[in-house]
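First chain A sits with chain B, and in the next complex the same chain sits with chain C.
On to the complex of A and B.
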């Protein structure tokens, strides 16, 4: 198949917790991303799925190094992004090389209401990346912004307006216009539709699909349910408590899931046929996702797993390849 | 916009009128008079004095008369000093304004840069030490800071004169003494305001765009992050510009500050009024400017 654009190796993002008491032994940390290894191929769309709080957004930001990761590697087109930081005057700053690489990798944020600077016009929001990297200026810059507006389905005459004058769906289109302004090779869409009305969700999804096809971008699409992801992704990765538990071809994941957690996620998608819906057996997960500060021992999913055995409490399962043909890997010792 | 300015100007005028009325009558209601002293003044002399300042008239008449003069720019005569209130203010206010400008510049320069620097480095040693210094700046009163500065920079280092007036060097130490408290407040306010914006999603968006950090701070964070500081700047600049009794006494600056207290002690009716008018005009004017600045800093604010 096609070559690899992005290699993530044992990536960890731990957020240190403030000490609760003066004499607390050592400060604990929220293990938002806890050892993720993943390859993203050029031109593909990879769906990243998991419950709220499983670390998928953090993983997305860590891939782009918008937050500094604790350990591991993110190799983007041969450059290890995690090394592009320097420590000065008490804080970590991204090196210029990382900043320049942002021309090629972009992100679409979840909340279109807060992700746009309320004090800037749409024109300055969308044109800023182009200006920063001295790609265009003057009349050509304005033309490009108008072009981008059209590309995402907005009236180009709106460029003088401010974000608060737009609806959620329109704002997300602005967010997309901004992200594609530099013709990036790689885009992370971080739950781009979860904050939108259902009627708008499909529009945005189709827009992303169309743009990806036109521009030949590689896309990582983050979502909390499989319903949205199945239509857009070539492959799907399922995350639980900061780790990937299953990864494979979308069809494989949807119709032949192996990990009990993936099975539960699939069974939570309603079937549009009432007779079928009535008769099908659903796996419903009990309880909440455990705390990432102190994750369960052994297999992190054992506290909610329907097929759990004693061994799961102590053995940490490793990602195993099930089928090379479908790139199918799973981290469960019982399947 | 112009409608907003007109409306605000009108409301400022009304406010000033209320301030003038209230202070005029409060001062008169206070016991004592400009001519009460330990020694009794012969009644004929007292009557003459009263007649000279128009104090023999009924109070409503005096008030109307005062307003009439005020409209013509005449603030009346001082009862203590052999000068008109206009003269006193014309001589002393420019000196206070110069001093105030130094203080304002110092407060803004130190306050905003320290606040921004600390906010970018939140929870680092830099942040903690800057905020600790700011806390000291707020806590140390000017009558302590002033003499310390004189001691160090005048008596040991011979850099600046310890007091008096005449050249630019004379303004530095009192300016710094006056501005330091404000600098410290501004640093803390700026830090808090910046932190609020630094955490927002749109700043993350700006980072994702690949913008330079300094540009993000300047273009995305400052505009919103300075709102609390700007709010505080209205009254702060007004107080710095109208001087401080303590600082001007310490450095022996011939500004308007000491007149605040002297006028009240001497029940110098017209001088009190004159200073109150100067101060309140400054305050209202500054707040007016602040309101206009909000609109520049946040396009969502509509003036109507």
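On to the complex of A and C.
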């Protein structure tokens, strides 16, 4: 198997809550990411799925150091990114090494409407990474921008236009052009298609797939449903309340899920056949996702789990390897 | 925009600024006010030279002629010393405008930089910086300016610029900080972080251009405030010193003689009112044109 590009070890991101009163004993925290351990291999596409609020976007941002993590390590190509910060005068500043590494890792955002600066032309948006690292200038820079526009399927003569003159799908393409401008090794796509029309979603997915193949990038694809992820990912990680509950080969996860939460997610994908859709048995989760401020004891999923036992309320399940061949790990004591 | 690798010519986009300009042009009151304001400004800056060439210098006295109501020769009449009031109003308005503009510019620049740094840094630094602003806010504004003007004992224009600008930036700083606080959570700022754009460039390239709308509006509305305040200071005798006129001193003089020489009060006051009205309408129109809520924001 190929080598590892990114190693995440026991990563935690806790957001401290403001104290409710001056005399409150200690402030609580939103445990958005609560101990995630994950390896991403070179060249693969890893799908990251989970409900809204399970911490998947926070995890993505913490990997790229857009949010500072509370504890744990993010090792990118042998460098622990969480240590590439210096603290002076009460401000955290990235060290030069982190700035340089940023050339190799990029992010594509969920909302194409807020991801582009409305006051800048497409040319200045797409060329900003190239300018920041002084890679190109002048005519060569413009040519590179037009090349990138073509690569993501936009008309290169539009470079002097502004973001508000484009549709959502086109803006997402501009966001992608900016992300691939530096030829990064690693891209996090943070729900890149969930804000788009269904007809555009497939286009963007295919574009990402094509670019990944052409450029040999490693991709972490974040989504809130498995339907999109299954088409693009080699492996899938399922998150629940800041933790990974199941991880494995895409085929394995789709056709032979073990964790009850994954099963519920899979059964929520509609089948495009009305007869089959009516007859199949669906697991529907009751209730809401618990608050990450005060997660349930034991297994965090026990409040909604259909196969819950008394032991689940107290025992915290560990990630267990089920099969080495499919890299299949699951955190449930009952399967 | 020439020599392209592609055959198609590059399409020029419409920036949000251009859009705003188009909307402003549609707003008749604002557009007209803009024209009036530009006209008055030109008049103030060119007029006095023309008048001087025609023999009506602002400080040329003709005590024998004395105060006289408007005639064809002296459109706004003359004052006690026989000075042409029209010329004096133009020169006075020029001084007032200069002070208003420069004080407003100083306060806009200082406020923008201060506010954007506070908002961007956040946390303790933000707290410290904004508490400083709060303290200055708590001090009586005019009192501060008066003390400043009195201490320096220099009653020229420069002191007025500094004194008015010094306290005028507080509101701008607050507006900008508020804008920056919400803007810095937007994804395009995170995108800039992720491509390693240094902090100062994030502030100047991404944050400030997006706060410029409210800044410009506040700026146009600050100018009349500054002019009024200058007038007030001059009225108290702390501003511009005679024989140099400013709108404030002219109105002050006029107010002293208003029962006898009504024209000494009416014309400077009218001139000032028209100027302030046009600026306020222009500011309102700019706000409508630049307000992102008015349009389906991108």
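Note that in this section the second predicted complex is superposed on the first by the 335 of 335 C-alpha atoms of A that agree within 3 Å, B and C clash if a C-alpha of one lies under 4 Å from a C-alpha of the other, contacts with A are read in each partner's own complex, and residues count from 1 in each chain.
The criterion applied here is as follows: contacts are C-beta pairs under 8 Å (C-beta built on N, C-alpha and C of every residue); 3 or more make two chains touch, one makes a residue touch a chain.
The structure displayed is predicted, hence computed values, not measured ones.
When both complexes are superposed on chain A, chain B and chain C occupy overlapping space and clash. After overlaying the two complexes on the shared chain, residue contacts for A:115 are found with chain B and with chain C alike. With both structures placed on the common chain, the touch criterion links A:3 to neither chain B nor chain C. By the touch criterion stated above, A:159 is placed in contact with chain C alone, chain B being left untouched. Between chain B and chain C, C contacts the larger number of chain A residues.
In the superposed pair of complexes, A:134 makes contact with neither chain B nor chain C.
Contact with chain C, but none with chain B, is seen for A:143 once the two complexes are overlaid on the shared chain.
Judged by the touch definition given at the top, the superposed model places A:107 against both chain B and chain C. In the superposed model, A:66 makes contact with both chain B and chain C.
Residues 61, 64, 66, 89-91, 93-94, 99-100, 102-103, 106-107, 109, 111, 114-120, 128-129, 132-133, 162, 164, 175, 178, 182 of chain A are contacted both by chain B in one complex and by chain C in the other. Remark: chain A residues 61, 64, 66, 89-91, 93-94, 99-100, 102-103, 105-107, 109-111, 113-122, 128-129, 132-133, 139, 143, 146, 155-165, 175, 178, 182 touch chain C in the complex. Against chain B, the residues of chain A that register as touching in their complex are 61, 64, 66, 89-91, 93-94, 99-103, 106-107, 109, 111, 114-120, 128-129, 132-133, 162, 164, 175, 178-179, 182. If you check the complex, the residues on chain B that touch chain A are 120-121, 124-127, 200-202, 204-213, 215, 220, 223-224, 297-300. On the side of chain C, the complex with chain A involves touching residues 1, 3-6, 8-17, 121, 123-125, 186-188, 190-199, 201, 205-206, 209-210, 297-298.
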